[in-house]
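Shared chain: subunit A. Partners: subunit B in the first complex, subunit C in the second.
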Partner chain A sequence: MMKSLYRIKEIAFKEVKEIYRNRLFLVLAFLVPFIMFVVFGYGITLDIENMPFSFIDYDHSRLSRELVERFIGRYFKFERPVKDVDEAEDLLSRGALRAVLVIPPDYSKNIYKGRTAQVQLLVDGGFPYTSLIIRGYANAIVAAFNQELLRQRQYRYGVASTEPPVRIETRYLFNESLKTSYALVPGLIAIILLINPAVLTAIAIAREKEFGTIYNIYSTPLRKIEFLLGKTIPYMIISTINFFVVVTGVKVLFGIPMKGSLFVLLPGAVLYVLINVMIGLLISTMTRTVVSAQIVTLIVTIIPAFLYSGLLIPVSNLGVEGRIMAHIYPTMYFMRIIHGVYLKRLGLQALLTEIGILLGYVIMLFALAMVIFKKREG
Partner chain B sequence: MWFLVKKEILHIIRDKGLLIFIIYAFTLDIILAAKGFRLIPEHVSIAVLDEDNSVKSRLLVDRIKPPAFKKPLFLENRKEIDPLMNRSDVVLTVVIPSGFERSLERDGGDIQILVDGTQSTAAYLSSSYLQRIVNSYSMDLLKERAWREGLYLDVPLELRSRVLFNPSARDDLYEGLNEFFMIITLIGMILPAALLIREREYGTIEQIMISPLSVGRLIVVKILGSQIFLQSVIALSFVFILRMWLKFPLKTGVFVFIFISLLYSISTTGLAFIIASVAKRFSQVGMLTIVIFAPMLLLSGGWVPPEALPKWLRAATHISPLKQFMDLGISLLIRGASVETLSWGIIKLLLIGGVLLTTGVLLYRRQTLTR
Partner chain C sequence: MNERPVFSLKEVSKSFRKTQALKEISLDINASEITGIIGPDGAGKSTLFKILSGILSYDGIALFKGEEIRKNPELIKRSLSYMPQGIGQNLYMDLTVEENIHFFATLKDVPKRVVEQRAEMLLQATGLQHFRQRFAWQLSGGMKQKLGICCALISEPEVLILDEPSTGIDPLSRRQLWEILNEYLRASGTTVVFGTSYMDEAEKCHSIMFLHRGESLYRGHPEELMQKKRGLEDAFFEILLASGEELKEAEVPVDGNMRQREGEVIVEGVVKRFDSFVALKGVSLTVKPGEVFGLLGPNGAGKTTLIKCMVGLLRPEEGKIRLSGLEPGSTELRFRIGYMSQIFSLYGDLTVKENIQLYGTLYGIKGRLLKERMQWIINFSGLKGKESTVVKSLPLGMKQRLALGCATIHLPSVLFLDEPTSGVDPVARRLFWDFIKKLSNSMGITVIVTTHNLVEADFCDRVAIMNEGEIIALGEPWRLKEAFTSTNGEVYELYPEAPLPAEWFSESSISLVPYGRRYHLWRKGLSVETIKEILENHGVGYHYIKRIPPPMEDVFVYYLTGQKVL
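Coming up: the complex of A and B.
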């Protein structure tokens, strides 16, 4: 037993030395997660504002100016005057404008006569998500204007009541001001701790194979389990440090509070890092060169990290295949823990299922690595 | 020299791991992204607690239906709400309190919408959509009431949106192309960098240094080898995956696209040379690629619309080659612009590429010659 521990320690030390001598790698091991965090943290806001906007007013009335004034504000920024639809389409196609409001000549006449007036919004469809948001904002603006017009009409004709019969109270649970960053930035912890430990560890065994030093390992009394454990320990430590760096960044750089406790987050985080170190190790045992190990890791981690984690798209909204994938990848479970701790103030008790599942992954992946890694060629 | 180019291509093809994943990236990965990556919420999961259970409340609930929402999950009592929202099983819960119908006739009924704020994007869009449904229901009640009083009341103003260029707002088209551009970038950097580093890692660069092949020629060979391979894969993916498999209505032919893609590869190759001269080993290539790729992605406008970025970052988008490439690509493929109208974008792409390639090649030369 003691001998076994000693051998694990030696392998770990050898790996540490190897990392330490590869200076650039060492620097990058800490720099990459931090850069990813800062870049995505600042970038991944989906609150869309200041969209370049213009209008064509064929009506030139008080009512048309009022409508335009309601559009320009936080969401739409008046960019430049446009004289006709052709020019508008041209500017939209070049991406210089995102939306153009067209007010027809009979607009105010229709409203005064009590008919329905139509206005048109030309929207750039180049970015479907943005175009949907634009239509959402525009509809809300027009709806508010409609209320106002109805109230005026009521005043003039003495209609009984034009107050909307149904009142809506909307409550945003867990994220009262509905800032996307409150959910997205802590969520990045799961993305970064998926990609980085895996990429770092992926090279651990592939390197030995590529340089042929793996034959030294084959011929030692070292057991498989000792070798694999020893290999994972240094990467485990690096990634745990990175976890603390990112958690600090969430608080310091973005000022996002953690409603729950760090101690609830920690067990999940350690298990999650361990899982991804294992994924890296597994890929490492299956590939023969460092380059392919890294590429495989990037491809099996980056896309699913964003796609199936529930960060950008709720898992309950994915298609059947997507939902199956989401349940296979461990990220979704850790994302629940993160959101549970950061936004929902859940305790350890409420997250036991998720933590248990992550533990299951660790055991399964280690067993898999034991089966796949062979102490001989062929 | 051509047999040297052939050697490079053989290198790529013989590296099974690399080859399999380049193929994966240009086929399945793009298909997955196109089919799976939906930022626009559809079939949003929703729960309804209808305590009133009256005609009016059921009429309202009937309006919550596909494609925007899934068939609602009906709850029995308020105790079920908390665990449901804690597990994030639904994005929205609508609560219609008892007495809703009666109060409608008097001073107005209240309903409550609970939104899961942890699922921010879907939460925002779908809750505003739900509010619209309720408002239009409200408007219909109002009209009905005016009708009974012998008045004709109509909506004063109606907004018609016309979405240009991608009228059905197909996000599979957009996400698929987005992924395609990203893969072109990623492989475009890793592939040449891998070819350059390989010689150094295996020590075969020493052999080349003593051969009559000059460094300049070596560089040309590496570029030709990787580009011939890469552009053929891009063209195949364009025709078979985008056009035939995903049935994208692309408005530009494959040759025009390859032309733009070649111009773009000046930039990615430049970055590959920079990576290859900074990195000494394979293990560093992958990580340096992430360091460069992550900011490029952010500044590309593909994930985050440029308007949503802070001002200083928005200024930086102008130097991102991926942004120029994406703008050109989207203009050509979705908006159907002609190449001539995009000359300014092409010039910008060429300028950025020129700077990057010159820097990269100079760095690499210095690195190789000083050894």
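Coming up: the complex of A and C.
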């Protein structure tokens, strides 16, 4: 037993030395996940200013012009006039516009009568995160406008009213069920911790196969479990470090707060990382070269990460097949933990099911690796 | 040695999908011997080694100490060290020399307290003691292989399986590798299985098996073969011919005979520096038109740099080079030289015809001439009927002849060959060299060839031995041998009835190099009587003592290690 632990430790140390001394590997281990995080994160958030905007004003009043003027500024840039809703939808679908404000004919009449006027904002829902931000801006703009109106109303008529004069309703085109804001950037944690550990570990064994050092493992009395554990541990540690880096990035770079506790997130993260290390391990037991191991891993991880994780499209919105896929891939469960911690302040108790499922995956995958990895060639 | 053999194979076969890698191999491997598995690339050597190491399944019976390997493959792994094929293949390139050795000690459960002492001993024996902190990737090919052996020996294995440990490393490193093995074997009684494609290396083994296309063509002791033939290269050549391999006369292209001999090469005082490192320290040589000229020397001696300077890929700082009177790098000259580097100059995914066409286009050969030359190349490389075969699926020997054909499609004045025949069987090698002779004799093409295979040095008209950027010997092979005997005396081959300790002979300052069960000995003024006397004094009988021409390897090592006698 002690000897076994010693051998596992030595294999892990050897692995760490190799990573540390191989610049390419070091970059792959630490720089790439960080860059991925920043690129994905800003890729989704950067074009949040100067969004192409237009409006359809059926009211043609002073009040409607005032509202439109408030919209046009730093966030929304007037792109081109639009004559009706059909044209607006067409332009939105082509990406020529991101948002169109629709002001109904009875808008100013309702305000003057002290009733609440409804306006509508048509938003391209294809980019959920952007759409959420747009809704946030629109609400803020309308709220400021309302305050102004209420102040004027009180000044003119001396009545304090709590009813907002204008209410804006956001309608998402193409993806109507956006739920939570601040969901996307934390969600990236699940993506980074999926792709990176899997790719790294896949390389780790495939590289030994390609260079020929795997024969040292094949032809010595070393046990399978010792080899697999020794290989797993360094990548688990690297990915756990990356987890902290990304969590810090979510807060520092994107200013997104974590409502719940890091200690609730951590066990899920460690298990999740382990799962993905195992996925890499499995792939590299089945491939022969580094390149093929990498390509297979990327295909197996990236596609489900974006499609079936609930990151861009909520799982409940997927078709039956999609929902089955989502339940098979472990990402969804960790995504729930992330959302639970970041958005809902959930405790460990509430997330026990998800953590349990992740643990199950770890055990299952390791058992599978033990069965599939053979200390021989054929 | 009447003990039970360590390995006992009976009709062992192995197939990979369509190809049969091994066909009913039967073989006994005896304890405390070096058993050589000799064969060209693709003969099935690696497959056999993997079966012995318990990492490959097989059909038939394969016993290790009486136990079927298949049943308990982990058993053999406790007594075994296996070194896979390829230079530094078993090493971790990002670990240092010491770290590599220690990691292997861990893998093989060597108790910590003995590791240090053993590592020290092995480092000393291999001369790696000054490079402990070097990373494996910083070592030369020969050093990597020595480190590989250190790693394999750290567990003091009962069985050592070495898959082509000497391929691609220079003859001097190879000699040292054998010294380490012989030394270690004598001290420990380890059983060694040694794979090689250098036929002359078989002479150094106790027992040999000659593998060809998965079949065992010969099993026995090298001495039996040596009695009939001078060298094992010739012996295996005969065996192959007997097994049905064909040897065809090489042809000359129709317009080949009308050429003038013009490929004179003049190199004068060439100096080439890389930063502070001087790769060539004033090299001078002249190669006559139509001569076959060999460049020998250890890795890093400057052979490749010299060739690159001649071809025009590198510009020397000092000195003058002229090929057919032209300066290297000039466009005119490019059409008058040919270059073949191993087999990598072919496009594996193109067919034979497409490869030839491509080379024709590159050298501006088209129309009827291209058709003629194509026919010629296809004929001499034995590829008739395989014109539409994809090159990567051809046997190595054919690929090499095709590559040679492509390099000569424009009938150059000077042809450069970089290790052209490594890994091929003796028949393929003979075909290759027959053709080279034809090129030089009938067509007057000058051929400059580098090689680590000293069998090939004897095929050259003249050879130059290079070391550390200088030419240290230059002349016809027989002249170099003569120079060797005039300083060291004649070389004798002795086949004693029992192994001989080196001390018996070092007392009388006689050099003794073990070759399997036989020995080569020499000293100035040494006579057969002196040898007989020493044997009698120690009461050892012998099968024969005979004078032999000094093997090129001994000559090579002699020049490289200075005037000092080994």
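For the reader, a short list of remarks on this structure follows.
The criterion applied here is as follows: the second predicted complex is superposed on the first by the 243 of 378 C-alpha atoms of A that agree within 3 Å, B and C clash if a C-alpha of one lies under 4 Å from a C-alpha of the other, contacts with A are read in each partner's own complex, and residues count from 1 in each chain.
Criterion: a residue touches a chain if its C-beta (ideal position, glycine included) is under 8 Å from a C-beta of that chain, and two chains touch if they have at least 3 such contacts.
Since the structure is predicted, the reported quantities are computational estimates derived from the model, not experimental observations.
When the two complexes are overlaid on their common chain A, residue A:Asn22 makes contact with subunit B and with subunit C alike.
In the superposition on chain A, contact of A:Gly255 is made with neither subunit B nor subunit C. After overlaying the two complexes on the shared chain, residue contacts for A:Ile35 are found with subunit B alone; subunit C is out of touch. Partner contacting the larger number of subunit A residues, of subunit B and subunit C: B.
By the document's definition of touching, of the two partners only subunit B reaches A:Ser93; subunit C does not.
Of the two partner chains placed by superposition, only subunit B is touched by A:Leu343; subunit C is not. In the superposition on chain A, A:Val199 makes contact with subunit B only, not with subunit C.
Shared contact residues of subunit A, touching subunit B in one structure and subunit C in the other: 22.
Across the interface of their complex, subunit B is touched by residues 22, 24-25, 28-29, 31-32, 35-36, 39-40, 42-52, 67, 89, 92-95, 98, 111, 114-133, 135-136, 138-140, 142-143, 145-146, 149-150, 153, 157, 159-176, 178-180, 182-184, 195, 199, 203, 207, 210, 287-299, 303, 306-308, 310, 312-319, 321-322, 325, 336, 339-340, 343-344, 346, 350 of subunit A. Interface residues of subunit B, counted against subunit A in their complex, comprise 15-18, 21, 24-25, 29, 32-33, 35-45, 60, 85-91, 104, 108-125, 127-129, 131-132, 134-135, 137-139, 141-142, 145-146, 149, 151-167, 169-171, 173-174, 179, 186, 190, 194, 198, 278-288, 290-291, 294-295, 298, 303-305, 307-310, 313, 327, 330-331, 334-335, 337, 341. Across the complex, subunit C meets subunit A through its residues 16, 50, 53-57, 73-74, 77-78, 80-82, 84-86, 89-95, 99, 103-104, 106-109, 135. Interface residues of subunit A, counted against subunit C in their complex, comprise 3, 6-7, 10-11, 14, 17-18, 21-22, 211-213, 215-222, 375-378.
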